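Dropping the structure in here first, questions after.
To keep things simple, chains are lettered A, B, C and D as they appear, and every chain counts its residues starting from 1.
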Amino acid sequence: MAHVDVEKLMETVGPKVIATRRDLHQHPELGLTEFRTASLVARRLKDLGLELQLGRDAMDSASRVGMPSAAALTQCFERARAEGADPEFLPKFEGGHTAVVGILKGAKPGPVVALRADMDALPILEDDTNDHFPVRAGFVSQHKGVMHACGHDTHTAMSLGVAEVLSHMRDQIHGTVKFIFQPAEEGGRGALPMVKAGVVDDVDYLIAIHVGTGAPSHVLRPNVYGHLASNKFDVSFRGQTAHAGGRPEMGRNALLGAAQAVVGLYAISRHHAGRSRVNVGVLRAGSGRNVIADTATMLMEVRGETDEIAQYMVKRAEAVLRGAALAQELEVDIRSVGHTTTADSDPDLADAVARSSREVANLEVHAEPFCASGSEDATYLMRRVQERGGRAIYTVIGSDLPSGHHTTKFDINESDLPPAVDALARSILEIGQKQTTH
Amino acid sequence: MAHVDVEKLMETVGPKVIATRRDLHQHPELGLTEFRTASLVARRLKDLGLELQLGRDAMDSASRVGMPSAAALTQCFERARAEGADPEFLPKFEGGHTAVVGILKGAKPGPVVALRADMDALPILEDDTNDHFPVRAGFVSQHKGVMHACGHDTHTAMSLGVAEVLSHMRDQIHGTVKFIFQPAEEGGRGALPMVKAGVVDDVDYLIAIHVGTGAPSHVLRPNVYGHLASNKFDVSFRGQTAHAGGRPEMGRNALLGAAQAVVGLYAISRHHAGRSRVNVGVLRAGSGRNVIADTATMLMEVRGETDEIAQYMVKRAEAVLRGAALAQELEVDIRSVGHTTTADSDPDLADAVARSSREVANLEVHAEPFCASGSEDATYLMRRVQERGGRAIYTVIGSDLPSGHHTTKFDINESDLPPAVDALARSILEIGQKQTTH
Amino acid sequence: MAHVDVEKLMETVGPKVIATRRDLHQHPELGLTEFRTASLVARRLKDLGLELQLGRDAMDSASRVGMPSAAALTQCFERARAEGADPEFLPKFEGGHTAVVGILKGAKPGPVVALRADMDALPILEDDTNDHFPVRAGFVSQHKGVMHACGHDTHTAMSLGVAEVLSHMRDQIHGTVKFIFQPAEEGGRGALPMVKAGVVDDVDYLIAIHVGTGAPSHVLRPNVYGHLASNKFDVSFRGQTAHAGGRPEMGRNALLGAAQAVVGLYAISRHHAGRSRVNVGVLRAGSGRNVIADTATMLMEVRGETDEIAQYMVKRAEAVLRGAALAQELEVDIRSVGHTTTADSDPDLADAVARSSREVANLEVHAEPFCASGSEDATYLMRRVQERGGRAIYTVIGSDLPSGHHTTKFDINESDLPPAVDALARSILEIGQKQTTH
Amino acid sequence: MAHVDVEKLMETVGPKVIATRRDLHQHPELGLTEFRTASLVARRLKDLGLELQLGRDAMDSASRVGMPSAAALTQCFERARAEGADPEFLPKFEGGHTAVVGILKGAKPGPVVALRADMDALPILEDDTNDHFPVRAGFVSQHKGVMHACGHDTHTAMSLGVAEVLSHMRDQIHGTVKFIFQPAEEGGRGALPMVKAGVVDDVDYLIAIHVGTGAPSHVLRPNVYGHLASNKFDVSFRGQTAHAGGRPEMGRNALLGAAQAVVGLYAISRHHAGRSRVNVGVLRAGSGRNVIADTATMLMEVRGETDEIAQYMVKRAEAVLRGAALAQELEVDIRSVGHTTTADSDPDLADAVARSSREVANLEVHAEPFCASGSEDATYLMRRVQERGGRAIYTVIGSDLPSGHHTTKFDINESDLPPAVDALARSILEIGQKQTTH
């Protein structure tokens, strides 16, 4: 019965999901500045009759890392206001507290089932040629240099869609459905503060979603594992300038120190116990050709198949950075700006979601384990649920992509969104109905 | 007799020198975009009755390196027009041909004596606090991020002062006086094109000047030697991006290649025959923390006590750069953007200038050899004169500096300018009068 | 019935296995110089009535890499002669062709089952203290600096033990049993030449054995997988000496080039598809403190979870080495001195061996997959058998080790050898009897 | 008159100088093991009637650095005994105290004039082909791997020749002549302990000599300057081994740390104030291809045109070494094994020696300053004399060399030795006679 209702509701909800996605895509917001997005999400959830947990109530302020500058926070906040942010909710998010939780209480007793979406965009300049569908369809980013290039606009839109569908079916809902909208997945900054605020402490089942990531259109993969634990650092070296021709020995060369650190970082030994990674993605050093450089900054990250391997990489990286600083007589500042952990999907929950989802037309479901290649801070939420005895899965919603994640021409196939909303709504309903205990 | 006249003329010329300097300081122009400066210099020289050689007539277009972008050339040209560039002469300099030569023919036969000044400014953001004299006196740079931080404004102003003095004394002049105003000394880009255009091919005596550089106020040092030959390069590495977590081996890491190159460059062996230098002053690489960097650019330079040593450094640097590219499977582009050579002051000419200058009140003259620590492309002009059998010197006009060359608070003591103009005018007169042959 | 006979035969064969092991341990021989060992193996097999395939008949001379020097070959050959090598067979192995195959034809038709052992020792100085059992028991290495520190002495002794047992049971043997004794497993040099000579081209079942490697005493693990493909290189850089004080720029610094290569090698990117390794284990460079070093040699290796990953590492390593040579203007010679591939155990054959082995008293058998951490050139033999449709396994014979493989105090527990011989003999008999086809 | 006598004495002394040189050449001894050499020198001086100061009386034991091992000291001591060391004096030198001073008191009052020679050989394997004169003439080194490849054999022989000449002319000698025979010039280890023992505290004039070093036969250059201050270090890194395939992350890689240190050392910035040098001449690391290396040792040196520059290099080198150790989590041991300072020749004393030497037939004397390119610990003796108000020179005795210093075919032209002895004897006599005060 439930699925009959869901199917019917999807007739109106489906187009709304796409419209919402396009609005968000036009107004992308970087991590911890999702002021407009969060306020509109809150508005929609409130209007659907959900209870809300917003801002500092949904995230622990002190656990945040990798904060934007105060100036950036203010500027983005004002931009959100100017671009239609909801005036009732906007103030709740001030200062970078852009977390939203919506709570839908079912008519019948049952477990707490949560759906998690992320809301942030990336510092990428979106392609503006006609090749790119958002250009042709008129919803390309209006924020120059910021782009939804990883599909979080679709995650938010789909979650709102599921909320709308289920809000009309309260009487069929066993237990409670929580809609978790997290800021700043990019960089691994948004999930842990929400965990610390306790938002999943009562959750029995958690479904985290991601569009794309290697699966084609019409395919759902609810059993993803293998996200790498990661730690992101901003590193700055500070030395002393000197004229390179006249007094070279008076300099303390931050550019040279950074170069030695880079080579040393990539040379950190592999770990026998599993995958490890290191990358210095950005390096900026020096001010003039004939001046010994006194500053260098690096954006870097390490990863590991387990927290232990990631910690090994962190420890080794710090030694390399401090060694380079010592060698060139520099000061070094190593600032943690984000991190993720590991968590694998629960096979039983994956099977349950697979069963429900297979009823959706044109959706192929692969419930066998599927290895992720990147990192995700949804793992903090999943791990917290699993540590408390709950079940959690990470679900990939396949879509044919014209260009890869994090590229200027990234896009998804919008026709993949409604079936996914349908599948998620059914799955959440049926999880509650079965009162699966664990 | 001559000096009596010079002294008298200085009463009116002195203040003009300072006023000109302040106007130029307010309107600094980077190398090869000295459109306003060059046009005003030409105007003044013309009004003083000198013959002119301008633009392509005074510099070989094809010998230029380190050109600004076409956009920058256009933008600076239009800015010059808007800020009072002389409309008659401005078109002569279009496209970055900002060289000016003024020719003053004396009433009597004699040698050709040349005075060389440079006109370009630096890409430095001038200090805007009240500590800084140009702020208090209201002539701080109006071009944000561009600054006369090496005193070339004073060189141009002093040379114009000498021209004005001597233009009133034609009947006392033996031979010809050439006033050479070169663009783009910074980076070593302006002198060689003027040499190639033949502007010093008839010069018997050449005096190049520089304010500051280690001598205090009231001191003239006409016997500078030891400028290092230098070669400046812009280097770019190009590789291939890849996701640092998901497909690291697909990347070709330009940031890593650049880091290896940096370490290798500083490790180039010393040369037994004299001083050598290498510096990578600026390094920029990569676009995102979790992306293997596909681009890296470096601004670098090498120097040597002789052209041979500088060439050794160039050869070794190229090997290091190409080796790093090979190791990381990158393309590398090494673009020469400037160079200087070596030339020592002629002791006899230095003595002659010293003798004349000692007559100026409050000016202390040190004619013993004084070692420079940097590089200068005036050396190309000096060397050409010396190769043809002429004599050339590099003269430092001392000044107490509140802050070193190429710093944001660089300034000179303006009271040092008039005595130097006086000394140079006398010297040029007396060199001609003595008809010194060589 | 067969096992009754095997058990009985073991009463006499067991002590012989230990005696043989001790004799071999006292006379260790490095890879491709196993002259004494191979000749004694041949003698024993001949005396047991087996057919022989020796030297160039059992290995392709041209496929050998990492050869000892001619002088070392001669010296070891003469040492073998002096230490009791069998005079009939010794000449067959001259020049480093130290392969032996023994063929035991059963009375009944059936498949070809092969047992593979390796015979070479390591360049390690054996411990000479009383802590070390071979010292107390009087069979410590008599060849200074050469040691059976990986247990190949036991492999050879056990294989001979199996041959002796089975030689008395011909009438019960279905098919043919091949005993493969390979040289030079260390460095990955001995197996491929035997493959090229065709010694496993008729083999239906292959069992390769290794003592120790992570399993405790009384445990047999017949289902080992995950050996890394590996490539070993000797690298030498050649430059030019110069006096470091007087003419440093005249040098071409091989030590510096090697140092840059080392750092670059460790910095080769991880591969997303699986484990990779790189190591420079030995570096020797230069001759005098005040001389620019003109030579540097490195012993290095790369590994990969697959041949593709190993080849990626080889390709990247070569680029790094050639880049370092280019940067320092050196010649570089990269000589392949050994390599291994990958091959996983066949689960069905592992199960068959497990079933037979479980009948042996005091032997615990674990037939589940067991991941190896190193490399093995038995993989070439295994792969060849598997490619032709046969089955192959790599079997670990557990033993409590007082000190790890490749250490100066390495030893095994001799009481683990007879049960393993028993288990292997039974397994080989029963494989033949079951006439398992594939 | 004096020179008549010197000339006559040279008829017998000249051939002896050559014979002594050949004996020493056949029995070369490394620094601080010059047991045979020192004992024979002492014997000769005693027999000529000189007073002696030997061993610990002539050198401060505690000031020695870079000591040979106890085993090497014992072995060389015994070898010396076996090869004809003088039994009376040999015991004085035990334990590496191989300094000799001979004191010749003149009949008349006057100053103290000292002549300094060094006695040590180098760890070089002498060429054994017929091209090499010592082979043809039958006096090639009998100590395999040790060679007089820098001519110290000739210095000792010439000084003994001067002692013999002057010992017959006591009545003509004004003042005292000191003959200083120092050990261990190579590595900069012998002179400072003799300074600390006070052997030049009463010296008014010091002449240090060296054969070859860039001057041709028949040329004397008594005015050498510019020896670089130098500091020599033995550096060892200690880490932790691990199996490179199985547990790479457990290693602490001393080879990698050393490689990073090497690159960092060569990258130490040039010093504006003068020449600097750095060299890592020898690097040895690791034990096996597939083992993470736990040890690395480097023989290195730094130099500077002044002590200040040398100290700058030392300070920077230590930072680089400690930085590399920190980066790879290694222990590092930096042991000072030798050092030299700077001291220029006194022009007046050089002129005096030049005047006396010009009287010698076939000797061309160049008294103008001559720049050395290496380092010398005679500078410690020179500096001490100069600090106390005395005068000191470093004199090069030219000789056509078939092959450079420190090469396997190094040799000198023996016909250059007698004229030099003649010139030195005359010079010493005349310095005393003129009673030059200072």
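Convention: contacts are C-beta pairs under 8 Å (C-beta built on N, C-alpha and C of every residue); 3 or more make two chains touch, one makes a residue touch a chain.
Computed from a predicted structure; not experimentally measured.
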Among all the other chains, which ones are in touch with both chain A and chain C? B, D
Centre to centre, using CA atoms, which chain is the farthest one from chain B? C
Hey, which pair has more contacts between C-betas, A-B or A-D? A-B
Interface sides of chain C and chain D: same vs different residues, half threshold: same
Please tell me the distance, in whole Å, between the geometric centres of chain A and chain D computed from their C-alpha atoms. 70
Counting only Cα atoms for the centres, state how far chain A is from chain B in Å. 53
Note: chain C residues in touch with at least two other chains are 246-248, 253, 256, 260, 263-264, 266-267, 269-270, 272, 277, 292, 373
Looking at the complex, which residues from chain A come into contact with chain C? 263-264, 266-270, 272, 275-277, 373
What residues of chain A sit close enough to touch chain D in their complex? 246-249, 251, 253, 256, 260, 263-264, 267, 269-272, 292, 312, 319-320, 322-329
Which stretch or stretches of chain B touch chain A in the complex? 123, 187, 228, 230, 232, 243-248, 253, 255-256, 258-260, 262-263, 266, 277, 279-293, 296, 299-301, 303, 373-375, 404-406
